[in-house]
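Structures given as structure tokens follow.
Two complexes, one shared chain (chain A), two partners (chain B, chain C).
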Partner chain A sequence: MRREPPQRLGDYGPLFFPAGMLTLFFVVPFATMIAVSFFQREQGGFYTPAFVLDNYARFLSLFFGKVLGFSLFLAVAVAIACVAVGVPFTYLLARSARKTQIAWLVALLSILSLSEVMIGFAWSTLFSRTAGITNLFVWLGLMSQAQALTPSFGAVMTAMTYQAFPYTVLVLYPALVRLDPTLAEAARTLGASPVKAFFTVVVPALRNTILATLIMVFIFALGSYLLPQLLGRPQHWTLSVLITDQAIYQSNMPFAAAMAVFLVLVSLALVGLAVYAGRQKEAK
Partner chain B sequence: MSDIFNNKIGRRAVLAGGIAGASMLAMPAVLRAQDKSLKVGVYGGYFKDSFDKNIFADFTKTTGIAVESVAEPTGEAWLVQLEQAAKAGAAPADVSMMSQVSMLKGQSTNLWTPLDLAKIPNAKNLIDRFVNKYPDGKIAGIGAVSWYITLVSNTDVVKEAPTSWAAMWEKDKEDKLGLLALVSNSFLLEVTAKTFMGGTNALDTEEGIVKALEKLAELKPNVRLWYRDEAQFEQALKSGEIPMGQYYHDVTGLAAADGNPVRSTFPKEGGIQDSGCWALSRASKKTEEAHTFINYMCQPAIQATLSRKVGTAPTIKRDLLDLTAEEFAAVSSDIEPIIPRYDLYQTKSDFLNQKWTEMIAG
Partner chain C sequence: MTVLRRLLFFVVGLFLALPLIVVAGVSINQRQTLAFPPQGFSLAWYGQIFTNPEWRNALVASLALAATSALLALLIALPLAWFLWRRLAPWANIFQLLGVAPFTLPPVITALGLLTFWATTGLYGQAWTAAISHGIFFVTLPLVTLSLGFSAIDRSLVEAAATMGADDRTIFRTVVLPLILPYIVSGYAFAFVLSLNEYIVAYMTVGFTMETLPIKIFNALRYGYTPTMASVTVLFLVIAAVVFGLVARLGDLPKLLGALSEDK
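Then we have the complex of A and B:
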């Protein structure tokens, strides 16, 4: 079938529905948020339409800078952890028997059916002193006394990586299944060890997929606000936690909106930078 | 028992999604309605179910006014919804149970229809502080129920009941406390002021607030969990994972009655007493019915029923109630309570929030 470029307005018809949906459910709410971020906060009341920069000014402080920095760091760390575990895992998975693959994929998909709340509570129990995994270590003689592993940065990282891992595998899986096995075989014939073949042939061949996965997990992790609250100390609270506090508990919509706009802009900039860096490297 | 208990948790942590379903379930009440009806907003979950069962049915029988109960979310979300609706001339509920801070915020936009005490003769039963007034003296709201936040502990880990809030500051409590995460729901500034600074008046000035925050900062090494989610702390308290903290007196009592090793103590400085008011939206046209309802709710017999069935502390004077000493102790205490400085959360909310967040997360 030959595709003709659209001639008449009617040919664009199929586009109207998605465009309308995108406008209704993304552009309009986002524009509203930007507008609200400039509104005047009435302390002890609500807000009034205006154009003030106070909300952004309040955000530009060392304190919020640190929180933003931590949120970005956490999201990047989760993205790297997911890819570091996900690429070798998916590589091996794609090369295993069909039955094994199905079992793993079903198990991973079922993680997606768990809500963030359940994941958070499950990990907080696993990391607790009274009922957690350290009791198992004590029983095995690895530790002398059970101890609490939460709240800590490690607990937050573990739970967030666990939550994002199925997405990582699902994005990597198609690319790894399609990857030509002869590439790695050629490397092996030329004398590379399996590990060397993996790092010098498989990983570079997947560079774009890996970059896309990193970006996806980064965005996904950036919005997390429940797990840092359940498993972290206050210094591990992300900007999303503070946005929720402002919006729900302080009814300070303008400030919450300003923080959210800032978060979106910074993450867009980082994603843009990553894509740009990827292109530059490809061009060489 | 455990079901009732879980619902109890839900009453202050309502999911917005529940509202739609809950209001649909409430529809049959409307169908039975006589010509007179009233929409009443109460916290969703256990609270609403309990009110439906123990209070609203009898109210309709007595007065002939049908009640459609509306599940409202906690926090200030409901206030925002009422305000937006009132601007459009609509009232999602005629009468709502509102927190004290929400009452003050609603006052700033005249959201509450001033109430006429001549039509609420039972209001004379109330303890004075439960009458919420506009700055010019008009009545904005009438105390509906109150509840206490006390010092709770796990009896297996903390052998002797603490007697003072100061116990939280002791060295041996390192990494052992669970406290509420927000300045506006933990009321820890008031606790600090009453315990160490001679009373909540110490918070009148910003210097006083900063001093209280500095004292509170000394607590940080002792705090294992700053919680927003009640279920999380409750679970940890029961298991002894986090053996001490602040929590709701009524829920802790239920957990203890259920055989869990927990206790709730009224420290000598007093428990924190928080409360909800009945308030009438200015968009409501059911002024008469609303007054009848509020008057009904201020009767000693109804307040006693609330204490027995819902577990709330009465807002009317103790000597008018037929509660036994035991029943009263289950929901309240004769120790003078710490009353939150609600005014601060209105006039200085951004300052307090900023300093507080910097204190705990910094």
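Then we have the complex of A and C:
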């Protein structure tokens, strides 16, 4: 059947419910949040409609600058770690037997869907003194006494990499499945070792995909809100944690909303950049 | 290459499995201690999920929320995906974009937006607001799987039905629906499992009136450790693995995921 433009009002019928729901429960809440970010905060967790820029002015403080700087640094570090391991891993996975691929995909999806609370709990157990990995090191004779490895920056970074790695593989997977296998074969025929062929032919061919993936994983990591809280010290808190903290515990909705609007702008700019990087790939 | 592949797969597999092995280990400890390797063997902490009223209520709340919100996500996604496939209306793509947005942005943004919205309308804390919030938050998943399902339909089949005099409704019921059923099921499954595990949106909308399992674990973590957290984590992991295993059985998982991030 040809696709045709809607003729009668009735043709729009199927659109009513989805459009209404998305408008009422996504667009309106989003607009409410933007409005609240300009509201005046009152004592006791209330706020009154107004148009003040105080909530945005607070961004100019040294404290906020530090949190923002740390959030960006952490997300960049996680993105680089995930992509550095994820590219060779996904490349090899896409060239494995179908059964192997399905088993890995099911495992990766299961871990990706695992609640952030549970990932945090699992890593805090693995890094604990009584049940943790250091007991294994003691047993192996590498350490003399078991110790707790959290709270620390390393713990936050490891758990966030754990959380983002399945996402990285699933973002890379479509591009790597479709990658022309003759590319690497040609390099092999010309005498390059598999490793050399990977680095000199495959990686350059994927340059834009890798860049787009880095940005997507960066945004994903920016959204982590529980792991820095569960595994880090207060100086390891990120912007997402700070937004939750202001909204729930400090009852400062206008400031939380202003930070969220700022986070949206950063994310949107990056999504735009990722889409642009993806387009470049097609243009070639 | 084979040696390198085995080594890399082993290291990644170990990294992904290690925390889960330890959690599975501490979940069968005899006494309420955080110890690994486990001391003694007991499945009592799995029993706790169903016998302890607090954990059981949280489990029921989580399952009810996941079942209703995934259904709502599907009810929003199905007509939208059908319309975009059936009609030529480029401006309607804005709704596709709106459906994908909550999932692409950091989750705390959607959570805060919904919190301000429910607080402003005075409905904050009602259980059903969480179902709507999750339904919107996870609409992306059925929307993406269904768009893929529709695009895979051979249009000449539909053409044939139309030539023989079937109207839109009959075509949908007899031709389209059977073809996209696997995509409906996998879209529902993805939304269900993710809703089951979701924390921040549920916490910000109904966190003070209702406890889902992720909220319950987080609250319990503040008062110390109980092995039930570990058994719930293992239970959820098993549920996810079973559901995604079934999706792989039912449909073509590599194809489904190969196209998943296509429109991103």
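Basically, the second predicted complex is superposed on the first by the 237 of 284 C-alpha atoms of A that agree within 3 Å, B and C clash if a C-alpha of one lies under 4 Å from a C-alpha of the other, contacts with A are read in each partner's own complex, and residues count from 1 in each chain.
Keep in mind that, in the parts below, a residue touches a chain if its C-beta (ideal position, glycine included) is under 8 Å from a C-beta of that chain, and two chains touch if they have at least 3 such contacts.
This structure is a prediction, so every number in the text was calculated from the model and none was measured.
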{"item": "Touching partner for A:Met21 - first (chain B), second (chain C), both, neither", "value": "second"}
{"item": "Contacts of A:Pro5 with chain B and chain C, given as first, second, both or neither", "value": "second"}
{"item": "Touching partner for A:Glu42 - first (chain B), second (chain C), both, neither", "value": "first"}
{"item": "Which of chain B and chain C A:Phe199 touches, first, second, both or neither", "value": "neither"}
{"item": "Touched partner set for A:Leu230, first chain B, second chain C, both or neither", "value": "both"}
{"item": "Which superposed partner A:Gln250 touches (first chain B, second chain C, both, neither)", "value": "first"}
{"item": "Touching partner for A:Pro151 - first (chain B), second (chain C), both, neither", "value": "first"}
{"item": "First, second, both or neither for A:Thr130, with chain B first and chain C second", "value": "both"}
{"item": "Touched partner set for A:Leu92, first chain B, second chain C, both or neither", "value": "second"}
{"item": "Partner, of chain C and chain B, that touches more residues belonging to chain A", "value": "C"}
{"item": "Residues of chain A at both interfaces, chain B in one complex, chain C in the other", "value": "121, 128, 130-131, 230, 248"}
{"item": "Complex interface listing, chain B residues touching chain A", "value": "75-77, 79-80, 83, 104-105, 108-109, 175, 181-182, 184-185, 224-226, 228-229, 232, 236, 239-241, 346-350, 353-354, 357-358, 360-362"}
{"item": "Touch list for chain C against partner chain A, complex", "value": "1, 4-5, 8-9, 12, 15-16, 18-20, 22-23, 25-26, 33-36, 72, 75-77, 79-80, 82-83, 85-89, 92, 95, 98-99, 101-102, 104-117, 119-120, 132-133, 135-136, 139, 155, 158-159, 162, 171, 193-194, 196-200, 203-204, 207, 213-215, 217-218, 221, 229-230, 232-233, 236-237, 240-241, 244-245, 248, 253-254, 257-262, 264"}
{"item": "Touching residues (chain side chain A, partner chain B) in the complex", "value": "41-46, 58, 63, 67, 121, 124, 128-131, 148, 151, 229-230, 233-235, 237, 242, 245-246, 248-252"}
{"item": "Chain C partner contacts - residues on chain A that touch it in the complex", "value": "1-6, 11, 14-15, 17-19, 21-23, 25-30, 32-33, 36, 85, 88-89, 92, 96, 98, 101-102, 105-111, 113-123, 125-126, 128, 130-133, 135, 162, 165-166, 170-171, 173-174, 177-178, 194-195, 216, 219, 222-223, 225-226, 230, 240, 243-244, 247-248, 253, 256-257, 260, 263-264, 267-268, 271, 274"}
